[in-house]
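Read through the structure below, which is laid out as structure tokens, and then see the notes.
Chain nomenclature is as follows: A, B and C, assigned in order of appearance, with residue numbering initiated at 1 for each chain independently.
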Amino acid sequence: MNDTTFLGMPAFPSAAKSALDNAQLRRNLAHATDTIRGKRAHAVGELDDWEELREAGRAIKERTLRHLDRYLIQVEERVTAAGGHVHWARDAEEARRIVIDLVQATGEREVVKVKSMATQEIGLNEALADAGISAYETDLAELIVQLGQDHPSHILVPAIHRNRAEIRDIFVRAMGDYGTAAPAGLSDDPHALAEAARRHLREKFLRAKVAVSGANFLVAETGTAVVVESEGNGRMCLTLPDTLISVVGIEKVVPTWRDLEVFLQLLPRSSTGERMNPYTSTWTGTAADDGPSTFHLVLLDAGRTDTLADPIGRQALNCIRCSACLNVCPVYERAGGHAYGSVYPGPIGAILTPQLRGTTSAVDRSLPYASTLCGACYEVCPVKINIPEVLVHLRARVVDDSRRRRIPTPEKLAMSAARWVLSHPSRLAAVQRAGSAAGRLAGRRGRISRLPGPLSAWTETRDAPAPPTETFRAWWRRNR
Amino acid sequence: MRIALFITCFNDTLFPATGRATVRLLERLGCEVEFPQEQTCCGQMHFNTGYQRECEPLVRRFTEVFADYDAVVTPSGSCAAMVREYHGRVAELSGDARLSAAAQSAPKVYELSEFLVDVLGVTDVGAYFPHRVTYHPTCHSLRMLGVGERPLALLRAVRGIDLVELPAADQCCGFGGTFAMKNADTSVAMCADKVAHVLQSGAEVLCAGDNSCLMHIGGVLSRLRTGVRTLHLAEILASTEEQPPADAPPPPSGSRCTTPAAEVKSR
Amino acid sequence: MNARDDVLARVRRALADVPDDERPQDVPVDRRYSAGGTPPAGPPDLVQLLAERLTDYGASVRPVTSDEVAAAVAQAVSARGAHSVVVPRGFPPQWQAALAAERVLTDEPRLPVEQLDRIGGVVTTVATAIAATGTLVLDCGPGQGRRALTLVPDYHLCVVRAEQIVASVPEALARLAPVRPLTFISGPSATSDIELDRVEGVHGPRTLQVLVISDPPNPLGTPLES
């Protein structure tokens, strides 16, 4: 994963700290995630077969991943037979090159874009700009991010960190630079903001010759691509231009058309908390007299096969990008999306990013630890990704990597010491006696307000209990 | 039926009163509880922090120590969850087939409320605790073990108790083991919200089934001088007229405790 | 090695733990979820449920009898104040009988997109409708036209026959042919991008009106079941 926009990000704890210090950001996030949590719970509660749907979603994804090679070949066959062209990209660089070449072959200098995680992940917009091609984001939240020269902070709503007043200011300031300016006296009423986006983008839709999209699902059996959206910008991009280029991760495949009956129920209810999103488009290659006459499908690896190679970590590829896990995550709610240093924030990002990119950078090594393992994410995941399980699994990978260092980390030393102590009850008892003695010296009415060394991270804001005068095992021995 | 108490290293060292209360409670209910003194730790801290290799000898010891019992009861949701969810995995990773087999046939480890409700079949344990209490369902009890309503059913049956609802109870307190140190800022931000909800509830005592979470929330409650105490579920359930917990608030002067939380600190 | 072969080889290497003789159907998929039949909640009548759920998401729904369709179509278009509407090929002539001929445009020859942008609206049929989710599905069949027709104009009037309504998503997918481009429409265009709150009306038609043709059961024409 070559994630150009986030290079050089600090590790999670320090990035989170700056978000925590931003009261406005915290209010925006708390308000938005609280709203969507309630809507999701209501939409999910309406179905009495929700658990069966989740299990089916998980199982279909497992079946797909375990036989991915077969399904990818089937996608290629069916899309080609339906008049589409299929390209394969080993990595982000290759995918960017393919798209740039395809756009240049049309002679066009601008493209309209449907919101797509895959194209964000590969840094496509920046690469297109370098090649002299303007890419216009058409999803409202993506537009806000693009006009604000900002980073996305949420999978579904990349501008979730912005409130209506900030969005109004961005529109007023920047829309004119990209095309139709914001109307005079624009208010921060969401209806007015949506109207401004409609006016700004309409001229771009009407003249666009090339569109770039992703896809939520690719049906192997039929070669059908699916885009799930709300605003109609997706339909505009998928319908009006002559050429459509879709960049799709290889894990987006589902085996059969019927399988969509599961995902088209799971996704909208988990994502926006709606029974169904306003618009879903499906297309199979090209159609005579309707929509683009040329369709290119770019199948993207970019770390997905590395993820697939780990039997525990591979379940991260089940993800259908609903973002329910972000919305319920207490860490995400407070730290915000930018702290995760990736287009994939939140719990799913914490297990996906270190697998797609590896654990070589400080931020990627810190991501598996950006969780209390509270399990709220697993509970809501519509495809039952056991995120806490994968987090712990990836923590072991980070630790095992660090074992190769000649000088052990302080944490490693502490953990080894703890193992030594806990491996035998007499050693534990000895340490407990020492602790009780120290506690009697340090405690203020049973409470310690300052601990030394790394433990000061605790007592900076929290009192610690003073060790009791007698441990349980000493009491037991004395009384039994 | 041979029942073993797994006290957990954390309770043993820092919260022995919880262990004593668990023993008193179970004996009052007619159980004969054994405390195998060779026990140490379930390995949760090592496992959850990524030190799975260091975790293995702890799992091995645990499996050996408790092998001969019919059931194990522990006053910790997260340690029970560690044993039930992950000991098999650690054993498997060790490559030792005998350990895997032993972990598989190990007796079931019950969190205290599960043991009381499911094994002993009681909800009224004969406790008396005349104070305003709110209950925080810790994440591992709630989501990994799925203890559900059991602790609340037990608390509701306590005589004299004024059980009040904790707003946003299912939200994590931000402890998360080493998370509390590695991500101290986020951890404390989460805890601040939890503390606000505890204060909002008006309770004088915050109760939970895990002392680790209680230590975290209690650490902030204490630092802020809120006067709200923390007590493990076992200590409330063990409490009687004759033997209230040492750390309970002073007994109410009237027939029913109505002291607002903010005034409790003036003891 | 070319990229295709390379990616496929990587996939196969990554799946070393999958036995060679395992077939996709060996990975069980339990389909015990509801396949449809009875709607999950709300009123039992599919027409009523569809109407309720479409209304929930900002569409307006009017039940009509077969005899009332033509008048209802004309009335809706007039009330909208649409100077002209596009009516795709295959739309039943009797349903547009009351529309003034000078107001009706066909898409033959194809209307340029700029003209669609200025037109007063579009009147179509549907392929199927899903009651539980309040969804209309268009498959470019008779009376529906190409996808741009129901996208660029700001007003969409859609006529649904009661027998086209199914209860659930699984039932709808079973009726649809994926070889045709499909559009699932659940209410007018909307966004949740501002503070995760739903706001209706962005790029697609901001007004969606639905006529559901539902004739009262004819006591003489319906054979009694014994």
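By definition in this document, a contact is a pair of C-beta atoms (placed from the backbone, for glycine too) under 8 Å apart; a residue touches a chain by one contact, two chains touch by 3 or more.
Worth saying up front: this structure is predicted, and the values here are computed from it rather than measured.
Listed by label, the chains touching chain A and chain B alike form an empty list. Among all pairs of chains, A-C has the largest number of C-beta pairs in contact. Ranked by separation of Cα centres from chain C, the top chain is B.
Put simply, the chain nearest the middle, going by average C-alpha positions, is A. Here the spacing of chain A and chain C, counted between their Cα centres, is 30 Å. Mean C-alpha position of chain B lies 53 Å from that of chain C. For chain A in complex with chain B, the touching residues are 12-13, 16-17, 20, 330-331, 334-335, 368-376, 378-379, 392, 394-400, 411-412, 415-416, 418-419, 422-425, 428, 432, 435, 447, 449, 454-455, 457-458, 460-465, 467-468, 470-477, 480. The touching residues of chain A, counted against chain C in their complex, run 28, 31-33, 35-36, 46-49, 52-53, 55-56, 59-60, 62-63, 66-70, 72-73, 76, 82, 87-90, 94, 138-141, 144, 156-157, 159-160, 163-164, 167, 190-191, 193-195, 197-198, 201-202, 205-206, 219, 222, 224, 230-233, 235-236, 238-240, 250, 255, 257-258, 260-262, 264-265, 268, 272, 274-284, 287, 289-291, 299, 301, 305-306, 308-309, 311, 314.
Contact residues of chain B toward chain A in the complex are 7, 9, 11-17, 19-20, 23, 35, 37-41, 43, 45-55, 57-58, 61, 86, 139-140, 142-144, 170-172, 174-191, 215-216, 218-220, 222-223. By the touch rule above, chain C contacts chain A in their complex via residues 2-4, 6-8, 10-18, 22-24, 27-34, 40-41, 53, 56-57, 110, 113-114, 117, 130, 132-135, 140, 146-148, 151-152, 169-170, 173-174, 178-199, 201-205.
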